[in-house]
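Same chain, two partners: chain A is paired with chain B first, then with chain C.
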Partner chain A sequence: MFDRKGQIRIIESFLAIAVVFSAVLVSMTFPSSPDLSKQNSLASMGAQALMKLDTDGTLGNLIIQQNWTSIKTALDILLPIGVSFNLTVYDELGQQVNPEVIQNSNLLGREAVSVQHLCATRSQTVQFFVVRLQLAWTG
Partner chain B sequence: MRQRRNSGQIVLIAAFIIASLLLSAQLYILEVGRTLSETEPDSVNDFILSVQLGSRNVVTSSLGNVSNGGASGTLELNLEEWASLVEDQYLYGKSILDYTLRDAAPYSSGIWLGWGANGYGVSSSYSNFTHKLTGLEAEVDQSFVINITTTLLIASTNQKLGGDSRQVNVTISIQNEAEPALAEQITIYYRVSSSWLIPDEANGYILRDYGNGTYLGSFVADVPAESVEISTHILDYRDIYAQANVTSTEI
Partner chain C sequence: MILLALSAMAGTSKLMAPYLTDLAHRDDADRFQPLASHLLLTTGTPANWGQLAGTVPSSFGLAKADALQPYDLDIDKVTRLNGENAYSIDYSDLWQAFGVKDVSFQIEVKTLFQLSIDMISNATLGGLRVYEFRVTAAKSGMPVSAALSNYVVVQDFVNETACSTSSNGVATFEVGIPNSISGTALLLVFAQATVNHDIVSLGMYSFGHNAQSPLPNRTFTQLNPLDYVLNASLRYSSVEVSEAQMFTFNYNFSLNVKTQGVQTVEYSVPRLLDASPMVMVLTGVNGSASFAEWVTYPQVPLQVGAGFSESTAGSRIAVCSHTVTIGSALYEVVTKWGGVADNV
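Let's look at the complex of A and B:
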């Protein structure tokens, strides 16, 4: 009789340990919260790159010329190594302007941030575009 | 006997409490992280800067259009369209871009084209902007001025070579917002009786670029009078047109 009581206590203790341990395991499976400083700096870098490219009207001119390769090359230079990007250009009505993909690598499965830039061209007939840049760290 | 049974249950209950505390703490940390990531205060600053840059591009392009012969209302039409886009594209609240075109002399509807005969030519645009942002992230009321000015300064001297032939030198200085700037195109004209002529290779025309916004045009022209009327037309790298006239004096 005394032995059985001892066994029950041991079982109860194991149950308690199992409950706490499973709680720890479950909490580990929660998706970790995004690294905010890293994500914010990535978004800021993207916005700065687009503004740098637009300062002297280069971005608008390249869009008018439909020179998507040069836009990709410029972003490759302006953004640091280890950043993947995907750029989409829309007109004022929200129609996509670039028929081909402007990206350096695929963003699928990565934690990406999105930056939106309003672009007014420096041409005698002004045109307006909405440029959306998605970025993610490759590492 | 009863006491022993309870102590075992207390261990289990305590384990459940610890487990629930662990899980709720983890959930709280995750939720706080999500809330902060939605705020993104940097995006507001970037949006404001992007609007200022775009406004500058609109004013520059409009001045380029008007100085090249476009309608004087181009600036207002373009800014109206731009302000509408700025209002539509802000996703975190309300964005209102107001603008006032300078109408005090010498500006009219935000534009001043002063192409005089004293060797000074100016193409300028001046507008005041107010950008108001209201939303959950921030309340911003930002005022800024955009003044785009292309200035052209010319001076000319000429030297008699023999007969009616004269060596004419034209010094051209170009500035963008009071800083030296380069020209995309420069055309010099000289007047003989009632005709304006463009010097070419036959006149030994040479244009020297000093790389600091200063150019020197030299040519030989057959002009019977001591003074030669000179007109210079330029297009700067922003496609803004300006012209200036001057009378070349004999040295």
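Let's look at the complex of A and C:
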């Protein structure tokens, strides 16, 4: 009376659909990989900003003068709006030089990239500094 | 049966995955970032295409031919992107020369911060008319502390003043112009960021001094700077040029005539080391109307390329921002990239 073969096929197809949907659901719950392209573009912007700031020795002079406010203001102008940064200056021994924080907003909890730039002063006694700039997109 | 179907699906998806991923990432910033860098780091072909007025490059790049540092752009290549210049290259030629057929792009070049100028008041004081101006220096609303160099030009009269903005980016200053002269007056303001002297911005404000409000810039002349020559094309035969002057943050002087033709004059432009945009001002008369018209060199701000805002709804657009050197001053180049070459 009932076509048992037909019933089995229907059950089979439902099962197949369930398996496929569960596979889709499982794959959606996997954490997505970080957006590397955005990070690369941030790193490129940061490296360029430091390079341009150091072109005529401005960066080295500002570090020697311990003018941290001016370094922060220069980066504010050189970096696009929407980029948060935190800059740390280290001397040749790896000791932190800036006693105060040089940043425009807090990077905590954000996906940040780090760029390092070697800066030499343009004076008779050349001093080297490693400038580490951490950047993240705001919002 | 189920197992067979699932294995077939798994096999197919495994085989197709690389192709699907490739298609999905066709418009990614990952792909556009190197293209933006390539545009700003290569010279194009020929390497000096910027100086060759009639030449369309066979490959497109904006870097200076003998650059000593990366992201140093050629002043003439940038100038030829501006549609107001007679030697400009249109987007379809740029797109062809760039050579990436499935990508459309837009290039914007501007100063790193902007100025806004307002006239607050004006009053007669003895034989002078004294105008008071307020200048605001800001980057996207963030105040910029800067030193200002201000010039007022009325015919042959030039008045230079200097001042600084306060920490909120605002400066006010007064300019006195003798009442014995009249005509179109042009105020030029150069602002040099206190933190880095290579960061310079500029602004212009045109007004009538004992005269009617001036007509828009480029009404009487078309000014085309290229290869350190200013070509001035006079729009009417009745236009008479009285003076051609050049202004930068630190300098101002008259330009010498190089050649003179029918309704065209060419002036030699000296190569200065001053980290500042150059502004060239032509003053003169057309009948009873006086004018003071100007052009910047490099001819910025400018925007050229695909109009992404109106035509690519739903498509992915990548925006890349770069700080570049043109002349000795720093500028911002914003490039936008998309996968649809719709405006070509």
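Basically, the second predicted complex is superposed on the first by the 108 of 139 C-alpha atoms of A that agree within 3 Å, B and C clash if a C-alpha of one lies under 4 Å from a C-alpha of the other, contacts with A are read in each partner's own complex, and residues count from 1 in each chain.
Keep this in mind: a contact is a pair of C-beta atoms (placed from the backbone, for glycine too) under 8 Å apart; a residue touches a chain by one contact, two chains touch by 3 or more.
Keep in mind that what you see is a predicted model, and the values were worked out from it rather than measured.
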Which of chain B and chain C A:115 touches, first, second, both or neither: first
First, second, both or neither for A:19, with chain B first and chain C second: both
Contacts of A:106 with chain B and chain C, given as first, second, both or neither: neither
Partner chain(s) touched by A:7 [first = chain B, second = chain C, both, neither]: neither
First (chain B), second (chain C), both or neither touched by A:123: first
Partner chain(s) touched by A:138 [first = chain B, second = chain C, both, neither]: neither
Greater residue coverage of chain A in the superposed arrangement, chain B or chain C: B
Chain B versus chain C as contact partner of A:45, first or second or both or neither: second
Which superposed partner A:58 touches (first chain B, second chain C, both, neither): second
Chain B versus chain C as contact partner of A:92, first or second or both or neither: first
Intersection of chain A interface sets (partners chain B, chain C): 12, 15-16, 19-20, 36, 40, 44, 48, 51, 55
Partner chain A, residues of chain B touching it in the complex: 4, 8-9, 11-12, 14-16, 18-20, 22-23, 26-27, 29-30, 32-34, 36-37, 40, 42-43, 46-47, 49-51, 53-55, 57-58, 60-62, 64-65, 68, 70, 78, 81-82, 85-86, 89, 91, 238-239
Touching residues on chain A, where the partner in the complex is chain C: 12, 15-16, 19-20, 36-38, 40-41, 44-45, 48-49, 51-53, 55-56, 58, 62, 70-71, 73-74, 76-78, 80-81
Chain C - residues contacting chain A, complex: 1-2, 5-6, 9, 28-30, 33, 37, 69-71, 112-113, 139-140, 142, 144-145, 193-199, 318, 320-323, 325, 330, 332
Complex interface listing, chain A residues touching chain B: 5, 8-9, 12-13, 15-17, 19-20, 22-24, 26-27, 30-34, 36, 39-40, 43-44, 47-48, 50-51, 54-55, 57, 60, 92, 115-126, 128, 130
